[in-house]
Amino acid sequence: MIHQFIPQHYFNTIGNHSAVLMIQDRDTVITTTVDARGWDNNGDSAATRGNPMTGPFYVEGAMPGDTLAVRFESITPNRDWAWTTNMLAPSVIDPNVSVTLSASDIVRWTVDVEQGVAFLEDPSPSLAGLKLPLRPFLGCFGVAPTNGQCISTATSGQYGGNMDYKGLVAGTTVYFPVSVEGGLFYLGDGHALQGDGEIIGTGLEISMDVRFTVSVQKGKTISWPRGETDTHWFCIGNARPLEQALQHATTEMFRLLQEDIGLSSVEASLLLGQAVEYEIANMFNPAYTVVCKLSKSFLSTVARIDQ
Amino acid sequence: MIHQFIPQHYFNTIGNHSAVLMIQDRDTVITTTVDARGWDNNGDSAATRGNPMTGPFYVEGAMPGDTLAVRFESITPNRDWAWTTNMLAPSVIDPNVSVTLSASDIVRWTVDVEQGVAFLEDPSPSLAGLKLPLRPFLGCFGVAPTNGQCISTATSGQYGGNMDYKGLVAGTTVYFPVSVEGGLFYLGDGHALQGDGEIIGTGLEISMDVRFTVSVQKGKTISWPRGETDTHWFCIGNARPLEQALQHATTEMFRLLQEDIGLSSVEASLLLGQAVEYEIANMFNPAYTVVCKLSKSFLSTVARIDQ
Amino acid sequence: MIHQFIPQHYFNTIGNHSAVLMIQDRDTVITTTVDARGWDNNGDSAATRGNPMTGPFYVEGAMPGDTLAVRFESITPNRDWAWTTNMLAPSVIDPNVSVTLSASDIVRWTVDVEQGVAFLEDPSPSLAGLKLPLRPFLGCFGVAPTNGQCISTATSGQYGGNMDYKGLVAGTTVYFPVSVEGGLFYLGDGHALQGDGEIIGTGLEISMDVRFTVSVQKGKTISWPRGETDTHWFCIGNARPLEQALQHATTEMFRLLQEDIGLSSVEASLLLGQAVEYEIANMFNPAYTVVCKLSKSFLSTVARIDQ
Amino acid sequence: MIHQFIPQHYFNTIGNHSAVLMIQDRDTVITTTVDARGWDNNGDSAATRGNPMTGPFYVEGAMPGDTLAVRFESITPNRDWAWTTNMLAPSVIDPNVSVTLSASDIVRWTVDVEQGVAFLEDPSPSLAGLKLPLRPFLGCFGVAPTNGQCISTATSGQYGGNMDYKGLVAGTTVYFPVSVEGGLFYLGDGHALQGDGEIIGTGLEISMDVRFTVSVQKGKTISWPRGETDTHWFCIGNARPLEQALQHATTEMFRLLQEDIGLSSVEASLLLGQAVEYEIANMFNPAYTVVCKLSKSFLSTVARIDQ
């Protein structure tokens, strides 16, 4: 079934809030998200700033210990401008380098969805020729966390949240560990594009039209968000410091190779050691995000012994 | 001028050792390196283990405050096997996951330079089909550090060293800050290929034939190694923790954009924020390595105001 | 007014739960806490494990932007035994050192409140003579956090929480930033004693009788918990990595010296540089805790210029 | 034998330099050190800035694998003034707090050795009453490192170096792992006093008269510097990040309790968990320093099973 859902209110925390819609396994939802400051497709303030979330969506049958898969069919900017900050974050620069934000800290960009590019609305001469290709994704989404917690959309954890990973574009399927009945899926914080690490603290912040389909993997238990594209499997770790985020992501991939693919720890190590790829998704939020990736082309050569 | 240089001895530290060869600006050197344990092209032990270095090469005219550019024309395995360890390093995995190395900690791989692939010599059934594409590079190279220091080839710093960055393949030019007369360039620790992060502590360790050309940039001062490929500019940061390595690399790129390209700090931030790429080169050595990259395609759109 | 409060239920999160008691500014509460696994003074399971909290107490007049002061008049073990784990946490030991917990991971200690000592119930010969002096404190307490969050009592933040700081004994006054009406004060997780860092993951875990008095400082805004003993002022930082916890604590002390004492940033630096003391409170929980202290003996020599 | 040694030159690296004096096991040396910028007892510039070292002293019989014990009998300022910086280091403060050093970055203090106090030479009114008790120690000392390395006195490692631990006062014995014949002991960087963490980047920097006695522990192998006072045993870890420094120090203490005292890993954990103390020695240098301490009063209760 396909649901058209128009949000009436938004949440700035991810947790055990009342669901806005009950959906079935395999259902599709078409909805919208406002930007990180709550501005909608008309540029109107529709929600309180700080990554307001559309949702939560209750998925029938999803129970603690299951995995919720969310496939994004489309993530499309629904207005023609975005905003960013204009200065590197202190967390990505040597401590003795000054990176004070100017008073007017928001810069506007034109977003041309048809041409697939973005450029500054009012560039300085040096940046007048800069056109960047769009790569729209959602910066913040996930499911209700464990223990009845209700956590700010500024941060992230095993439940997802504000991961700001630029690889989470349309065509990607993301898997979350379910901690409460119905999973309670939230989404928002669209970016028209972003560099690695979200190093100025924002992508091109924008409101979105989103279409996604859920499915429940009964009895499948994972510890951290996983994902799949046409070319790669990946696992996401969210934590500070950056090492710990990388450790979580690598550990989840290590488990995937052992539990799902049937490799031994030595086999998984030999494969990962020479074939692993990492992406630094964000080094700005309270929890940093690292993604551990493995090409399907290598995985396809790995035979399960029991096959 | 082209020098054919056959190493007679090797160093396990990078510092103010006596030069093995004096060369001129623009000279080319053709030489060899032994592997990380000192095994040469015949598999004989030619040097003490721990990244023994070929060199140092004294480059006439290179003085403290200058930059030494080294362009690698070729880096080619000169034997048909390599070795790796077989278990993830504790630094990349959650602390509660056991990753004890087995007693026999070395695994041998066949390296087929003609076919451009590597595979396990004695694979388990699961990995029997695994073939990985070669991407030969040098794990450890650099110039003498500041203050007359002499530092183990286990680690790295502003002078280069054991960075284990898989992007340093043939065709790349690397730039080092010169700290002593002649620069004193060392090289070694060849890897036939490696994943991001060197997460099992080794790439495919192998001896190499190497050809490189030096040039001195008089009066050009940089703080961290920089590099250039056909498609990207990059800057390398070496430190623990991983955040600090990233901060050094980003700061060096921030400087490059301001000092070499003429951008303001706001312009550099706007560009990097949406276009930066990071690679995690190693998260195994005493100093971790992060690479901050920027596509030349974006840089080419950026006009210098004074042009 | 003095309230005798007997808990009927407990919370494993700190957040906007319904208050169990409304109290006035300057009121005193006499109550009890169960231990970290929910075992009460009789050793019965009274609550779900994971630092179950007594409270929350709603303090009339406390509003966001105010500071809530809590003075602990007494914290007294109300049973004669405690428990600990028996192995160093992986977070405090080199990654290559094995610290696997044994199957039976709980060790019982006798707690003799009259003699003021604790000793192992069933010691090995080597530890048969070990008697440790009691120093009872609460490991976890604080007020509701910002933004309607509801956060597990496993961790901590600007609102307090699971700080496990052994200095928070009777006689100490702790100050919290108020984020919701009434502040909503929670307390629990008593320790009969503990070393620095909570490096085996527990203190001597025990249930407690507690007496405390609240007071509201209207219009006084702080960012991190502060505290006061007879001899010291202190500020608490909670974060990972350990550096960040130290930075939060130091920054709060830096602010205290400037805003409350009237020092300039140079004067505060000169004083702190030579007189600051740090304690590592916990290096086990999701957020580590560092305490920045300054002796009142030095502060008393510092004249406010305007005095 | 007692040697009076007057330094003629100084080193800014610790490594395999030619010894300035050969001494025997159990010999005592009376000598002097200049301050961190090379200023001597007369305030004259006697050496290049950056912690110039007196030494190295070659101790007959000290061989790799042994331990060198150095007992400091006296460490006494030999002039009446010291200097400090005047602003918190960026490494100890939140990244968004400005801590720019003023142009004139050196502040002078009067050091009154007879009265045992220090005070600012030219205080602002607020600090006019500040008198701090002297606690003289050496910030930087140690032995030649492994592998023929020669390392800047800015940093530290397993060989000692720039640890800036305020506990290393007269009366303390420090133990170092010997890596080269003769050990090669260096010393310098005196501080008349200092707070925890060396958080403004200096103690009260001053030249010193020093008297110390060496002894060689044949066949005794340690991994990190250890030390002993009248009241405590301690182990020192030097690394970044701060967690890693703490891990090294704790691991060395864990080994000490097992190898020297004969405890099992569980016994050592039970003892350390409730009795350990930490000090943050420096959070300013390239390697941070954490000290893990254990009171001799607890150790004295621990019987060796085999006694």
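For reference, chains read A, B, C and D in written order, and residue numbers begin at 1 within each chain.
One rule holds for everything that comes next: a contact is a pair of C-beta atoms (placed from the backbone, for glycine too) under 8 Å apart; a residue touches a chain by one contact, two chains touch by 3 or more.
This structure is a prediction, so every number in the text was calculated from the model and none was measured.
> Using the touch definition from the top, list the chains contacting both subunit A and subunit D.
In this structure, the chains that contact subunit D and also subunit A are B, C.
> Looking only at C-beta pairs in contact, point me to the busier pair out of B-D and A-B.
Looking at contacts between chains, A-B has the larger number.
> Which chain's centre, taken as the mean of its Cα atoms, is farthest from the centre of subunit A?
The most remote chain is D.
> Using mean C-alpha positions as chain centres, tell me how far subunit A is from subunit B in Å, no decimals.
Distance between chain centres, rounded to whole Å: 32 Å.
> Provide the C-alpha centroid distance between subunit B and subunit D, rounded to the nearest whole angstrom.
Here the centre of subunit D sits 35 Å away from the centre of subunit B.
> Would you pick out the residues of subunit A that each touch at least 2 other chains?
91, 95, 241
> Per the contact definition, I'd like the list of subunit C residues that touch subunit B in the complex.
The touching residues are 90-91, 95-96, 98, 100, 241.
> Write out the stretch or stretches of subunit B touching subunit A in their complex.
Against subunit A, subunit B makes touches at 84-88, 91-95, 97, 99, 102, 107, 118, 120, 124-132, 193-200, 202-204, 241-243, 246-248, 250-251, 254, 262-280, 283, 290, 298, 301-305.
> Please name which positions on subunit C make contact with subunit A in the complex.
Residue list for subunit C touching subunit A: 12-13, 15, 50, 146-152, 239-241, 244.
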